[in-house]
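I'd like to ask some things about the structure below.
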Amino acid sequence: MHLWLIPAFPLAGFLLNGIFGRRASKTFVNAVAVGAVLASFLWTLKTLGALWPLEALHLERYFTWIQAGDVRIGFDLAMDRLSAVMLLVITGVGLLIHIYSIGYMAHEGGYYRFFAYLNLFMFFMITLVLAANFLLLFVGWEGVGLCSYLLIGFWFLRSSATNAANKAFIVNRVGDFGFSIGIYLIYLHFGSLDFPEVFQAASRQPVEAGLGPLTLIGLLLAVGATGKSAQIPLYVWLPDAMEGPTPVSALIHAATMVTAGVYMVARCSAIYTHAPLAMEAVALIGLATAFLAATIGLTQFDIKKVFAYSTISQLGYMFLGAGVGAFGASIYHLWTHAFFKALLFLGAGSLIHALGEQDLRKMGGLRAKTPITFWTLLAAAVSISGVPFTAGFFSKDEILLAAYHHAPWMYWMGTLTAALTAFYVFRAIFLAFFGEPRGWSHAHESPPVMTVPLALLAVLSLIGGFAPVSRWLAPSFPAAQGHHETVLVAISVGAGLAGIALAWWFYVARPGLAERVAARLGAFYRLVYNKYFVDEIYRAALVQPVITSSQQMLWRKVDVGWIDGAVNGLAARACAAGDLLRRLQSGNLRSYAAWVLLGALGLLLTIGVAGGAR
Amino acid sequence: MSAAGVPLSWYLVLAALLFTLGAAGFIFRRNIITMFMCIELMLNAVNLTFVALAYHLRQVDGLVLAFFVMVVAAAEAAVGLAIILTVFRNRASVQIDEVQALKD
Amino acid sequence: MNLLDAVLFLPLAGFLTLLFVPREREETIRRLALGFASVTFVLSLGLAVGYRAGGEFAFVTDKPWIRSPEIRYHVGLDGLSLWLVLLTTLLTPIGVAVSWNYIRKRVKEFYALFLLLEFGLVGVFVALDLILFYVFWEVSLVPMYFLIGVWGHERRIYAAVKFFLFTMAGSVLMLAAIIYLYTYAGTFDYAELLRLQASGNLAFRRTEGLLLFLGFFLAFAIKVPLFPLHTWLPDAHVEAPTAGSVMLASVMLKMGCYGLLRFLLPLFPQASRECAPWIVALAIAGIIYGALVALVQPNMKKLVAYTSVSHLGFVVLGIFTFTPLGADGAVYQMINHGISTAMLFLVVGMLAARGGSSRIADYGGVATPAPNLATVFMITALASAGLPALNNFVGEYLVLQGTARVNLRWAVLAATGIILAAAYMLWLYQRVFFGPAPESVRDRVYDLKKREWAAMAPLVVLMVWLGVASETFLPAIRQTNALILERARASGEVRVELSLPLEEARP
Amino acid sequence: MTHSFVPTGVELLRLSPEILLVLAGTLLLVLEGLTGAKRGRELGRLALVALGAALLASLAAARQPGLAFSGSISADGFATFFRLVVIAAGLLVALFSGPYLRRESAERGEYYALLLYSVAGQCLMASANELIVLFIALETSSIASYVLAGYLRADRRANEAAVKYFLLGSFASAFLLYGIALIYGEAGSTWLGQIRAALAGPPGSATPLAGAAAAFLFAGFAFKVSAAPFQVWAPDVYQGAPAPVAAFLSAGPKAAAFAGLLRVFMTAFEPVSASWEGIVWVSALATMIVGNLAALLQSNIKRLLAYSSIAHAGYVMVAVTAHSSIGTAAAMFYLAAYVFMNVGAFAVVSYFARQGERYVHVDDLAGLAWRQPVVAALLSLLLLSLIGVPLTGGFFGKFYVFTAALEAGLVWLTVLGLLNSAVAAYYYLRILVVMYMREPSEAAADLAAPPAPVRAALWASALATLILGIFPSTVLEYASKAAALAP
Amino acid sequence: MDALLFLIFASIAAVCGLNVVIQRQPIASALSLIGVMGSLAVLYLLLGAQFIAAAQVIVYAGAVMVLFVMVIMLLNAGAERPTGASLVASTLGVPLLAGLFAALAYVIFAGFPEPELVRFGQFRQGGAAELGYALFTRYLLVFELTSVLVLIAIAGAVVLAWREVKR
């Protein structure tokens, strides 16, 4: 079916723009970049159509990539329902964001570079989801990380941007460290890295009670996932990643790349279901992240940061879903999240485009100036808040239900988080669009090339939930238990609505209340506002010690002091000995004669008297 | 002639003593000429050894060797004294401790 | 006289030819040097085309050289040496090309020595007689010494002497071991030694074997350089001229790795195994240590030098896992490191030639005046940081997978090096290329010139090629490594303990 | 033993190199007296011819190997090898002495005559098969070289060198002679073969006299080869003596003394080798260490080369320690290589130092490479050979020496020796560093191109070094054959 | 008689030898050395080496020592001054010398365990005829060589001492 064409189009786009883009016109760049993604999207659809209903895995082997010993890793692509969903999200949302970027980036330098990177990202992301073995998945995994790095640091003159880019890459590397070791273990345990073989073998194994190999593998893979999907403890890079252009935040840091971790966990469901401990860990991480990020989201004023924490939080939901066994729901949420979160970011981008400003405190009352943006953002907001029958409603509820069946407290926690989510999203909406303008002078609605994608995404955010994603995926995953319970649904919906209402209360009905509450909370507020000082703790506990000890201890002391010192000391010792010998060479003949005599007597005594020295 | 002879080893020990004395002079004397004379003393000691051993072996060879040693000593004396002369010309001294410009 | 001999001796012919060109005719000298180096490279491509995996050695020439004790001119090529030879012949014309404008004084000597260096390096990789090997080993040392000492930077003399003495200290011990081996086996011939080993006639007493092993090992370890014998490397790299750094890092360091695999494993399997845990410990220490120290270097060249310490730790680690994966990965990593580090030094050298310094603090924002340079460096940095689909990843994966098979803890420790690799590379990149460009940089740094492009393009292509289509290179390596490991296994029971925590956990 | 007053023709043939040299020396003396001091250059040429003829004569003598003069000399392969080496050394030294002496306005026939006598003595040392011949030959060589060391009589340093060399040399000779006396007492003969026969009795039958004799003989030879602790004279003498003479002292007498040492200890004292090999071991190690360490900080290039020559004596001693025929062959090969590289290095010094030896500091060589590239390149080759880098004679010298040592089971001596050679690299490198990596000094500034004889000597030694480094087989095989010394 | 003569002359030799070493005046040392040589000549006679005894007196005590005395006079070498010092010589000197003598004595006594008594007249081949025969047969080469040695000595002395330095 030529699956390879799906990633190949964006790759070609990348190469064309990368090599010729600098001298080419914007039209050319646009055509290549958008065309590549469009082609990819269309080919995905065609392939899907041809393979429908895609009940079994469709595997295509191309060539051997690495072979050594008994390892043979092919460049193999495979399509199943899971990757099909992912592909649709990636190419679909990706297409919209590409189009949106034409408008958003119109006045930026390095235009071609931006689109080249985006195309490259598409290539790696598609490779990631189509990969039929762990190592190829890892290629995509690292590749998207690279593109994320490049795009976060797109405005490389700003040191904040390049710092953020480095942070993103390096933190991801920490996760990948776990992932890599997981891969080594998979190979050791299963003797293969190919998905079909690994998962079949895994599903034949007994469920592990303790810390068995599968659990270990699961945990290690989860470490990788926490890096990529910005979960505790590795989430710190994502908020900083907002230094990148907004379409990047939408595409990479909301809709697609960050969900790769979820995808991977879902992909490895066969392993996880046999490793309940790992599952539990994933669920706990997800839940904790969801809650923690939501609390931070409450206090942020940078609109993109708010959405960034929201992303982290929503990804936490997905982890929770996967962790409690609702892989389908998890992917389902991934699917809906892609729409509304991309939309949130793109809308935010539209605002930024309009104002040149992303601090919520300097917005306000924009409803009239940017109506399309407002309405589309609102659509996203209701969706994320879980207002019934919007996309977010379906998927979030499915996760929460599954969580309830796993452990009720998780449900309650999740529901609380849902309320928080609704609150901070609407806080942002209200701050931006309602009330009085605060400090902006001219604002304008974005051009159609931006608003059309917004509108399309808004539609998807509202109705995307009707796509029966989790049901369609059900055969791929072990059955999740739990049935619809109206009461629970009502509670969570109520929580969402309460959040919205509270936001209205705080930011529209009683402006100024928020500040007072914040002041009342004092230290606690500052703690949350400063994101629990996690960055600072990491810096003080990890980064700085490493740097300092490397510099002071390893380099200055071990390298220069000890090793070179030892060598130099040896040399100095030799020279000192030489100097002594030279000094013995005093020029005094009588001394020399004494030496000769000494030698002769020594010889005489050893040979003549003692009869040999051996 | 009396039958009371002298043990051969006495001769040899006398030679050893003279040899040692020569070496002692070489080490302790500061005048180059004296040092050189001490070498002559050592050569004489060796000669005594040769002669004594020739007696011991009842061979003429030892005497021939002693003879050659004398020639060598004479040759050395000629050259050595010439060298000492040049040293004296350059430094107006034959004190060995004053001839130590060459060192580090 | 077969193709291999031609490849080997053409640089020597070039060296001799250059000696007779009048020193004023600098342009002629450059052209001649480039000509000799290029023709050598083209001929060496023939080696790759003509090489057929399967036999023991290809392109063998075996002629008597010295009759007593019998030392033969015995050269040949196998999968291990093939790519290293090609790496050498590829990098030589590149080194010649990049030196074109930078080397302004004593041009004749520079190029003559550069070709002599190529002769020595190729020789090391193809020699199949221990003394011949030693001869080339030392022959390559001398021109490098001069390259650093004459054309280097401020502290060049210190660096050159340090380089020479470190290497010398190791190699004399190797000579002792070689001779001892001879007195034991009665031959210097590698093939003959292998035969003796195979027939069990090369069984040493334990201490004897260990001492012999150590004699060779020290020489190789210094050359690699294995922690803690590495301190000559940063100095040598910082002070060497660009082309010198390239050859030093890319090829000379491989001499040590090559030696480990070529001589130690097959000839001293017992001792190798016995010492493996210690060596692995040093290798891992080197991986982490090199990376950490690289992280805080204020000088680009020194930074790159320390990355070499880190990267070559992987090579040694791979070799001493005694697994096909590890060994294949190690060899692959040798080539990878050769190419990536060559690139790193080329770019850093170009920067230093423009900006007049290799201190990181003197730069910033280079991406603005020199976007192409920045792009090339980015690719290289990423390759160096082990990004998949670029060359280093394949090698590192194989090494670590091989290591994991033997001992998971080792693999875990070693893998931290990859995290750090990203950190030091990106941090370097950020500080040099990103940010606003200060006046001094904008005025002096310009983008790549044609000749520089020509020098680097093949390497960029290779980085991707090696990363994606490893099957171009791996079959030959696999087959040779299989033989080597077979030998390493032949005379001793395999004592690779599989100490996986998950094995323990299993009921 | 034949007792004839008149030597036969073949006997004379076997002695022909020495005879030729002595006659030529005498002729030079006579001519010098006849022509006055004006024709030094022509006399120098004559000396070269004589040395060349002696070289040929050695080869001719080698065609009729055998004993002569009641068995007191043996014109065997061993003798031929060393004769060739010392004559070649003499030839090179004579070659580049000319310009040096002319600069000092001291080129006279006596110089060459003494040189020829000294070489004759060394040749005879190589072929002597009887101790007193050996001793007289050694004295011949020595006395001539004492005079040569002090040849520039107005020079205070030369005087000092001469007097020190002379006094210590005579002192050491006395010990040597005492050794001869003692072994004469033990064996009743001074012929090596008979001594061997006398010592070859059942173990323990040899009295302490034999041991004492071995000790003193060793001391005497060790002094001449400047092995520790008898090396003390060498630095001062090399420094003070005129550069060509220093070259000569470091080459000919050393090689010849090793020839004597090898022959005496490999034949006469071989039966009691157990008693002396230990002490040779110690001496070899001490010599290497002393020479190399003391040279590390040395800045006077002549002293540096002196210490280096001490160190090289140590390497040869390692081969002696092996006391096997391959050890002997290795020592022979090493000495051949050593003579060329060392004489070549001194040739540069003699050219560079200029009038009154003003420039003998290592730093004076700064930038030589860019003023006189060819000289520097050739000197570099020689220095690399001294370090022991492959493709030079010095490498194979060390290689053979240590091969022999390992064959004899001397593992630690080998390891220590090789480590020593790594240390040695440092001070040779310093010269390279100065030549190539420093800016030209004022000393190099007004340096004229070397005169033809110096060039010739330098090229010859460099080529010899290179040939010994690339095709060592012929020489080594010859040495191996010759090393099987018949008592 | 033998013993008596030996003891007398050995004592003279030893005392004179000691005197050579301890005198500060070179001329006194030289005279003492002549004394040693003279007494040694007597001892040679006792050992039956007439020719050597004669040569000792004529060549050594006569010619060589005269040369020494002449040079001493020529250089007007007075008593030596206690200049400089050699730490090595002054500290190691005496023990080394004592050791040397002890070791040599040990070697000699060990080498000649049963005392062989020297009696005058028991060895009669020490005359010029026997010596001459040996000299011109077995030692022909050495004999010729010594002539070369003397030649060198003359040439050397000439080179070093004769001509004035021209500059």
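Every chain is named by a letter (A, B, C, D and E) in the order it is written, and numbering of its residues begins at 1.
The working rule: a contact is a pair of C-beta atoms (placed from the backbone, for glycine too) under 8 Å apart; a residue touches a chain by one contact, two chains touch by 3 or more.
No experiment lies behind these values; they were computed from the predicted model shown.
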{"item": "Each chain counted as touching chain D and chain E at once", "value": "A, B"}
{"item": "Neighbouring chains common to chain A and chain C, by label", "value": "D"}
{"item": "Comparison of A-E and A-D by number of C-beta pairs in contact, larger one", "value": "A-D"}
{"item": "Farthest chain (mean CA position) relative to chain C", "value": "E"}
{"item": "Identity of the most central chain, Cα criterion", "value": "C"}
{"item": "Between chain C and chain D, centroid-to-centroid distance (C-alpha), Å", "value": "43"}
{"item": "Centre distance in Å when chain C and chain E are each reduced to the mean of their C-alpha atoms", "value": "70"}
{"item": "Rounded Å distance between chain B and chain E, as computed from the means of their C-alpha atoms", "value": "5"}
{"item": "Cα-centroid distance, chain B relative to chain D, in whole angstrom", "value": "26"}
{"item": "Of all residues in chain B, the ones touching two or more other chains", "value": "12, 19, 22-23, 26-28, 30, 35-36, 56, 59, 61, 68, 72, 75-76, 79, 82-84, 86, 96-97, 99-104"}
{"item": "Residue list for chain E, restricted to those that touch at least two other chains", "value": "84, 86, 89, 93, 96-97, 100, 103-104, 106-108, 138-139, 142, 146, 149, 152-153, 156, 159-160"}
{"item": "Multi-chain contact sites of chain A, meaning residues that touch two or more partners", "value": "582, 585-591, 593-595, 597-598, 600, 604, 608-609"}
{"item": "Each pair of chains that touches, named by its two labels", "value": "A-B, A-C, A-D, A-E, B-D, B-E, C-D, D-E"}
{"item": "Chain D-touching residues of chain C, taken from the complex the two chains share", "value": "23, 66-69, 106, 109, 131, 134-136, 138-139, 141-142, 145-146, 149-150, 156-157, 160-161, 164-165, 168-169, 172-173, 175-176, 179-180, 182-183, 211"}
{"item": "Complex contacts: residues of chain D adjacent to chain E", "value": "1, 3-5, 7, 15, 22, 26, 29, 68-70, 72-73, 105, 110-111, 113-114, 117, 120, 124, 132-133, 136-137, 139-140, 143-144, 146-147, 150-151, 153-154, 162, 182, 185-186, 207-209, 211-212"}
{"item": "Chain D residues within the chain A interface of the complex", "value": "163-164, 167-168, 171-172, 175, 208-209, 211-216, 218-219, 222-223, 228-230, 232-233, 235-236, 274-279, 281-282, 290, 292-298, 423, 426"}
{"item": "Residues of chain B defined as touching chain D within the complex", "value": "12, 19, 22-23, 26, 32, 35-36, 39, 42-43, 45-46, 49-50, 53, 56-57, 59, 61-62, 65, 68-69, 72, 75-76, 79-80, 82-84, 86-87, 89-91, 96, 99-104"}
{"item": "Chain B-facing residues of chain E, complex", "value": "1-3, 6, 10, 13-14, 17-18, 20-21, 23, 26, 29-30, 33, 36-37, 40, 43-44, 46-49, 51-52, 55-56, 59-60, 63-64, 67-68, 71-72, 74-75, 77, 80-86, 89, 93, 96-97, 100-101, 104-105, 108-109, 112, 115-123, 125-126, 130-131, 133-135, 138-139, 142, 146, 149-150, 152-154, 156-157, 159-161"}
